[in-house]
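I've put the structures underneath this note.
Shared between the two complexes below is chain A, which pairs with chain B and chain C, respectively.
For the complex of A and B:
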């Protein structure tokens, strides 16, 4: 019922997550919950999962990444952090206490620039230009395929994200009124204003996006 | 829902005259949903030795990492490159260690022996049963289609160019008939003195 989105632009990664916390399947406990965790100054991880696994695993990874920085004096790059996360998740997978989490890792480092990694609950990790977790994927991946291109500016990426959020709002049965947005670029992590679906529905984007 | 067909994929290797070729599709999907079209399933274990892994994507990544670790240690201890048939034994051991909780992958090995320069193609099942092939080896969700295509197109003693044509046509036409495989293909042609890598554009669906 939860949704994570990520879009990699020319020199930034745009991360978005819904803000609903549900209980017993049907009750919306909270509608302003932040599902993203700051790993380092230029690395963000958004997580969804069952029964507390999401926060437990995310905090465990975040603390270990900080420990690496303290021991070695420099931050892990995005790829290294993703590999570390994948190794942990894969090791726990065949233990008695596997973590059931889906995550997106978005970061910026000097060697690779902006990168976005998709990881599912089985610990399959892959670098992608854009990604969505949750039921929201069924409503938005095609839109992203149509309008995404390699060199997107922040403005274009935000337009694309607005389209996707509008489509989820129109067609997904669960109500997700707000999305937390963060941008990771060379200057670090920037919190933007929460994005809400406009009334227009996903098929009507701004004129500039047509054609 | 079978675990081996959760992600989908296809690997194929063929033997030629003094050369081998290994090819794979590039799709990473979760059942019907395609997530990525550049997921690597073939890994280099030596300058003329490649292993392709088909099956559950997380185990493809875990086994390739664990195998590379073992091969690195082997090469440090022995101070020489690993032979293809030794790699087959290492893979078989790695998989059989997990006999009652296996990695859900079926590997295909293609390489040229570093000393005798013999071409070598082999495969295993998910618990490490080794099989050396004199012609071709296939693995994946469309293995039946791949067996049919390989049986029709493979002939003995193909040159590298003929081998490239044969393996490309065989893989492309097999994955086109499988919903869970495809979205592009990558082919490595391994000869005595070089490795050529080519990407193919297949039906992107």
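For the complex of A and C:
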């Protein structure tokens, strides 16, 4: 029912997540919930999962990453943080208490620039140019395939994201009225205004809106 | 002296000293010399070989220099069997970090982790400390080329040039005078290490088979840890002897005037 999106641009990563919290499968408890967690000044993790696993796992990883920073005086790079996260998922997977979470990690560091990692509850981990978790993926990955290209600017990436959100709004049965969006670049993490689906369908694209 | 306070590591003496730790450092003072010098484009690690018996079989990589992981190596002074246990631990820590984070362990983290183990043996457990001092050379993306030294107490420090083992204090004072920070490249560091070792060696003459030298450099974003082959060693020793002879000749020339 939940949706996470990520798009890697020229020198930034655009992360978006829906804001619905549901209970018993049918009740919308909240429609303005933030599913992204700040790991370091230039690393963001968005996470969805069952029964509190999402927050539990995200906070566990976030605190460990902070501890590394405290001990050593420097941050983990995006790749190191992703490896660490995946290692934890993999170790817990074959225990009595696995974490049932899907997540995206987006970060920026000096050596690699912007990177986006896609991870799931089976401890799959891969570096990707764009990614979507949840049912939303069925409706948006083809749009991403069609319009994504390397070295996108922020404006182009936001435009692409708007297309995706509109498509989900058109065809997905669950109502997801807003998406929280953040950009991670060399200057850190930037919160942007929430993105909402426009009236027009995704396939037409909000050309006039963003000019 | 305070003999009652030195048999167990876990007891302070009335003067606030840990005798077992000091005795361990004493043991190292009799061991084969090791020295390390940081250059602008690499690091030199030189060690005195004590096992020069002709009957000894060929050693695979080196007698006194241990490779810890792709970007770090170390040399030891002290009890070799203790050293083997510690280098094994160091290699294990390095690989664990690589497994967890996907990247090589930064130098200082590896040194600090081992020093925490060494410190434990000075505080609890009732076991003696490790009779080993270690010189570490390495490269990482945070601080570039680095040289560290650790001792049985579990203390460690970062150095531009240092020496451990037999006659180490004489070597350190010589390095203090001769080492030029920021102006030393690898070649000069190699020459300097030969010069210092020739003064600290027990035997009269420095020959290529009594010393082992390794260099750590970066080429094409890859770290290269290289043991110098005998031919290069002999060339360095020869060069040193020629310079010494020249310096002696200069001195003799000046003598009549004074």
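A few points about this structure:
FYI, the second predicted complex is superposed on the first by the 205 of 211 C-alpha atoms of A that agree within 3 Å, B and C clash if a C-alpha of one lies under 4 Å from a C-alpha of the other, contacts with A are read in each partner's own complex, and residues count from 1 in each chain.
Everything that follows uses one rule, which is that a residue touches a chain if its C-beta (ideal position, glycine included) is under 8 Å from a C-beta of that chain, and two chains touch if they have at least 3 such contacts.
Given the structure is predicted, the values throughout are model-derived calculations rather than measurements.
In the superposition on chain A, A:80 makes contact with chain C only, not with chain B. In the superposition on chain A, A:118 contacts chain B only, with no contact to chain C.
Of the two partner chains placed by superposition, only chain B is touched by A:128; chain C is not. Of the two partner chains placed around the shared chain by superposition, chain B is the only one that A:94 touches, whereas chain C remains out of contact.
Within the superposed three-chain model, A:144 lies out of touch with both chain B and chain C [touch as defined at top]. Contact with neither chain B nor chain C is seen for A:43 once the two complexes are overlaid on the shared chain. Chain A is touched at more residues by one of its partners, and among chain B and chain C that partner is B. When the two structures are aligned on the shared chain, A:72 is found in touch with chain C, with no touch to chain B. In the superposition on chain A, A:104 makes contact with neither chain B nor chain C. In the superposition on chain A, the residues of chain A contacted by chain B and by chain C overlap at 87. Of all residues in chain A, those touching chain C in their complex are 72, 74, 76-77, 79-80, 82-84, 87, 111.
Looking at the complex, you find that chain B touches chain A at residues 7, 28, 30, 33, 35-36, 39, 56-58, 61-62, 65, 101.
The touching residues of chain C, counted against chain A in their complex, run 99-103, 106, 108-109, 141-142. Residue ranges on chain A touching chain B, taken from their complex, read 86-87, 90, 93-94, 118, 120, 122-126, 128, 131, 137-138, 141.
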